[in-house]
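In what comes next, chain A is part of two complexes: it sits with chain B in the first one and with chain C in the second one.
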Partner chain A sequence: MKGRKLFSFVLLSLMVIIIWLPIWMMITGSFMGLTELTERVGAVLGYGEGYASWSLLPDYPTLKPYVELLLDSPGFFPMFWNSCFQVIPGVLGQLLIALPAAWSFARFRFRGKHALFLLYIVLMIMPFQVTMVSSYLVLDRLRLMNSHFALILPMIFSTFPVFIMEKSFQGIPLALIEAAKIDGAGELKIFLNIGIPMGTAGIISASVLGFLEGWNAVEQPITFLRDKALWPLSLYLPSIAIEKLGVAMVASVITMMPALLFFLFGQRYIEDGIVASGIKE
Partner chain B sequence: MGKPLEYMINLLTKEHQPEKSSLQALAKRLLIGFFVLMLLLTVLSRAADSVTVAKVRVSRMKSSVLNYELSGDGTIEAETEEYIKLYEGARIQSIEGKPGQSVKEGDLLFTYDLQELEAIAEDLRNEYTILQLNYKIGRLSKETLESANNEEAAEIALRRAEFDLALAKKDLDAAKNKINENISDRLETAKENYTIAKEAYETALEDREYAINKGKLELTKAEEPVEKYNKARQELEQALREYRQAVQSSSQKLPDPVEEDMLSSIDAAALDLNIRDGDFYKSFVMIDDSYRSFLNTLFTGSVSSYAEASSELDALSKAKVSIYKQYYGEKEYEKHAKEIQKAKNALERAKEDYLLTFLATIETGAVLTSAQKAACMRTYQDLYDSLNELTEKDQKLNMALSTYGYAIQNKSEAEIEASYQALFTLLYDEEKQKEVKTAQELLTEKQKDLAKLTSDWDRTVEKAERELYKAREEYDLAEEENNQLLNKTYDYSEETRSAESQLEAARRSAEDAADALEQARANDGKIQAANQTKEEIDQLNLEIRELELKEKEEALSRMEELIDAQGKVFAPVSGILLRLELSAGGKVTGTEKVSLSKEDYGFHFKVREKEVKYLAIGDEVIITPQNSRKGITANIDSIGMVDSQGMSEVSAALPQGEYGEGSIASYTIYKHSKQYHQTIPLQAIRMDANQVNYVLVVRESNTSLGNVLIAYRVNVNVLEKDFSTAAVESSMGSRDEIIISSNKNIEEGDRVRIYEE
Partner chain C sequence: MRKKKSKLQRRETIAAWLFLLPSLLGISIFILLPFLDAVRRSFYQAMGKAFVGLENYSTVLHNEAFLLAAKNTGRFILTCIPLLLIISLLLSVMVVGQKRWGDFFKVSFLIPMAIPVASVALLWQILFQNKGLLNHLIIKLGGQPVDWMNSNYAFAILVISYLWKNIGYDCVLWLSGLSSIPSSLYEAAAIDGAGGIAKFRFITLPALIPTLFITAVLSLVNSFKVFREAYLIAGSYPHSSIYMLQHLFNNWFISLDVQKMCAAAVMLAATFVVFVLMIYRMGKSGVEE
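Up next is the complex of A and B:
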């Protein structure tokens, strides 16, 4: 028994190391100076010959890239706040729109429910490239192009949170709701007092996933935002040159932080949500 | 060792404990802290940016002229000096003038020592005398170089060479004429030969055709009998095949043929002459019947004519008739059939004669005597013998046919074949075969003869054809040579080599002689020229001596005048005594100078090499002497070359007036260039490491901070510049704002802020 556990632990550790290695490289790279970075990966970017190399810890750690980014790159912060202005309202809007929709799918019966839900699923699995042109035309007609709403509105009406939350609401025992009905609670009260508290796992996991999706989005900003003043943080990274490699590493770390922290905050709920979706009553 | 390891394993494999909510709370706190930190850093970075962003001053491009102002100091100098000749070796008795003194014409400047002067005068006189004598000598001595008379001899040599050349040409022409004649003769001969060869060839062709045709005719003749025999054989074989088919298809059963000797049967039935007439008659009739049956078997007895047979007979009979015809030949067969019929009729008549005789005896009641019986029998037998003889061949043929027919119906294939061969051999006997063979041999012989004939004649014709081609080639060659002659393109070089070489030699000799003549003329010319040159040199020397004489005379005259003036030297013109490098009591060594300046002054100043290009002769210069406030306008009259120190001397003529020689004055020159469309402040121009001029232009750019001002590089080509402005060529527009100064070092791509003072 212990042997099996040891084996499982070793195997999982190996996989974790493989997954964490690029992140570790990014973190250690953010503490390397330009000279050290050029020595290690300059060949890949056209400076010098040979192969790229890396080490577990930097030979000459320095905070210069952090200073350069956080104090000498004022252009970084507007992009950061743009990300916040676009993602947070989007997530909140999702909660506002998707919650009632998910509750309806989970709890009510109405004509065309399955067809509508199927449509939601189809829309959910469709990649951005497929709907890009139609979205562009609609936003242009609504005169929302080149504005924050070009990203916020499509995000609010995303179907993915509906799917997640619907699963979560389905897990609420029917008896509880019936009991509430017997006690005289109306549908709104049931939704607000029972549905939302009981479905917190699904709600938070949908929010976290929605936040991650919005925070890392690249295609929508590039397509719908012309002015660089409106660009989010995800577009700061695409331009990586050897001279700015250290800054790019730091920017990657900073970009990753909110997503990581938010995920850690909602991790338990996401796990509960995944577990709940697997259990059948 | 085991326990720590076991501990480690337990640690790694212990059950997962549910996470406490501290991670969630920590994450929440970190998240909030992160956003707060980012807010703080946003403010800080903006503040730092506002400090670090460069502040620049800008200017726009405009159309203007470039102004150049040159100024500096220079000196006023006298432009022309009058020098006073000093006598080397003379002593200065006294000096009355001073340098810088203004003198008038005729003023005493200094005085020579008279004794020294007289000594110098004496020397001058001697020198003058020497010069005079040298001049006389020069006039008297003139000699010439060698005379020129080589031309005549060269002319004679040339005439001889030309005569030889003419002779050689004549020889060459004669040789060519001979060649022309030979070519014409060759052409005639070749033409004749060609005609003969052509006729021979045509004759050979005709004869060949005739001989071959004759041979073919003989061959055709020889082929006819062979074809005839072959045809006959084929017809015979066809008749036999038809016979076989007729036998096979006939319903009549053919008997086994047995050879009968009728004549023996007749002999065997020799009549007993002594028997009674009735018995004799019976015996006679019996013999006749036997004979008739035999004749019937012969079949030919019943054939009277071919036409009759063919209309009445069946297939078998027709086949037999056909075979008989093949055997005899058609006409022969008809003749034979008629003869047989005749013989049969005679035999019939003999029999009828006997019967008549017998009947007559019966009527009369007489009896035939033995002699009468014998006579009847003999007559009948004779006729029978002749008929038998006549049908001997028919018998054989009939037997063979019967045997064959019986075999076809009753026997095996081998026996059929054997009987067929026997029949065929009978029909196609040896004689006939011999004839065929002979005819075939003759045909083969004729074929060989024809082949040989054809081959022989082909050879003859080929030979004639070769002769013809050869004659044709010779004729063509001769004709071509003739055409070349007529077109004057014939190459005589091969045949006239020796004549041409002689001509060439004669030509070279003539050319050499001509060259020699030229050379002789040239030499004579040179000699004459040299003589002339010598004369001229002599003349020039004479003139030089004359001039020296004159000069000396003048010097002597001046000296005598000076002596007459007691050695006093007066100012020849009015002006300033510039130099008086003499000392009283001292001797003149030759290096001293005494000079007066005429009353015209010039302003001289130096400018740097880079400033010279702005100046031109005629430019106005405002000159302000040191002690004056008023400026004098002058024009530049000369600009010197740049010296080793990079300076160039410029001078301007001053107007008439009183100036201090050597005094310092300041100058100012103002110049304008042509109108330039693009001029920018000089301080805006920058230069990179590659010596390329550029400026930085402020343009708005869309960044994450919104629209900000960024410095962009624009390359410029500097055409001209003065001390503050530069005329350039660039791609800038008139609205572009060019950075002319900044509070810190900036480069392309830097953010900037524009500020106005």
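Up next is the complex of A and C:
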């Protein structure tokens, strides 16, 4: 019994190393000077001879790539702000729209509710490619193509957060709502004073998952944004690698940071969100 | 009394619809109506308003790129999902056994989910490119270098990066399924003299069947996002073994082949609905057994 536990510990640790290794390499790589980086991986990008190599720690750690990115890479910041402009309103809008909808599904009984909820689930699991052409048709008609709104609006009406928050609203004890009703509270008041505070876990988990999804989006921006000046980091990043290796490494790490921080901050809630998306109706 | 109750009920119904309205309106405008429009267009000619029946569908189904992409996507899904389900289940069972380190392992497995694909695209190139780290290692070990991204190995690389990204997600689902199995079952089995493997086979597995189907559906949904890796590493026209439906849609979009896209989107949606319904049906009958 003891031996088996040790065996699985070793195996799990090995998996963890495999998973952490790329992240470790990115972070240490961002502290390598351009000379070291070019020497090590220049061959991959078409300059330099031989094969790429790597070491666990940089030989000559330096902050120079970070300074260079901050001071002398005018291209980076617009992309960073593009990402923010597209994701933050998207997440806030999602909450504004999905919160009352989730409340409606969790709190009330009305005719057609089950069919509608099923529709929301179906929309949730459809891959982007299914709605790609139809989204294009409507965005084009509204003259929103090639603008931040082309990403924000479809994101706002995603049904995924409705699903997650509905689950957390369902956990609210009915007695609490009944008591508020006896005190004469209206439906809006119940929603604002009981629903939202009690559903915080669901709200956080939906926003963190929504943020990660938006920050990592690739399909939507390549489809709806023609103008490269509007591109978010997730799309722009791979295109700078060949020109500026050192900066590309740092930019990759900086792109990763908000997502990683949000993840660590909301890790408990993310798990709850994933589990909630797994509970069947 | 009765009248009063129905009045109350009516008020609740109105409130329910009011809460739902913004979402429903947005979904109708941005998803449902446009999709119906796409369905309509899939039966019509591009410029003219002529009804062409199933012609667009037949064009798509005879399109070589479509057949290749559909085949690759199907192959990818059928390879990845069983692999992911099995590996993540085994890891989850092992994680449960590790009391002190269990949480650390779980969080570690989940982290790749947060890492933007764009951030690792550069690293994937450094690893798998012709002159990359992996080939360097192979040469040092005395083997022959392989052009990973421009050969049939590209498919394997894509499978690995899908696994890397999704293992944690599935582990969380499995772990929640595992934690809902009452420990009294295991204790009773232990008294009856059941060993570890017998317990796994006769208690754990049957109890996990509902989780299995849900995890499969969510893994299917996530499998479509592997396009990000494929696109950011290999571009619009990657090696033919990883040319997926997602690439095809993207390329049709660039050439504004709206008719083809509409027909293909309708077929993709239908396939998805059928697939998911099938999985749910199987899950239900599995539970009833």
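What we mean here is this: the second predicted complex is superposed on the first by the 233 of 281 C-alpha atoms of A that agree within 3 Å, B and C clash if a C-alpha of one lies under 4 Å from a C-alpha of the other, contacts with A are read in each partner's own complex, and residues count from 1 in each chain.
In this section, a contact is a pair of C-beta atoms (placed from the backbone, for glycine too) under 8 Å apart; a residue touches a chain by one contact, two chains touch by 3 or more.
A quick note: this is a predicted structure, and the numbers were derived from the prediction, not measured.
Shared-chain residue A:265: touches chain B; no touch with chain C.
With both structures placed on the common chain, the touch criterion links A:132 to chain C but leaves chain B unconnected.
The wider contact with chain A, measured as residues touched, comes from C rather than the other of chain B and chain C.
Using the contact criterion defined above for the overlaid structures, shared-chain residue A:5 touches chain B and also reaches chain C. When the shared chain is aligned, no partner comes close enough to touch A:14: not chain B, not chain C. In the superposed model, A:77 makes contact with chain B only, not with chain C.
Contacts of A:227 after superposition on the shared chain: chain B is touched, whereas chain C is not. Touch criterion not met for A:118: it reaches neither chain B nor chain C.
Judged by the touch definition given at the top, the superposed model places A:212 against chain C, while chain B stays out of reach. Comparing the two interfaces of chain A, the one with chain B and the one with chain C have residues 5, 9, 236, 262, 267 in common.
Those residues of chain A lying in contact with chain C across their complex are 4-5, 8-9, 11-12, 15-16, 18-20, 22-23, 25-26, 29, 41, 43-45, 50-54, 96-98, 100-101, 103-105, 107-111, 113, 116, 122-123, 125-138, 153-154, 156-157, 159, 162, 187, 191, 212, 215-216, 218-219, 222-223, 233-238, 241, 248-249, 252-253, 255-256, 259-260, 262-263, 267, 270-271, 274-275, 277-280.
Note for the complex: chain C touches chain A at residues 12-13, 15-17, 19-20, 22-24, 26-27, 29-31, 33-35, 37-38, 91, 94-95, 97-98, 101, 104-123, 125-127, 129-133, 135-136, 139, 164, 167, 169, 172-173, 176, 196, 210-211, 214-215, 217-218, 220-221, 224-225, 227-228, 231-233, 245-246, 249-250, 253, 258, 261-262, 265, 268-269, 272-273, 276, 280, 283. Remark: chain B residues 9-10, 12-13, 19, 21, 23-24, 26-28, 30-31, 34-35, 38, 41-42, 44-46, 48-49, 52, 702-707 touch chain A in the complex.
Those residues of chain A that touch chain B in the complex are listed here as 2, 5-6, 9, 70-82, 84, 227-229, 231, 236, 254, 257-258, 261-262, 264-265, 267-268.
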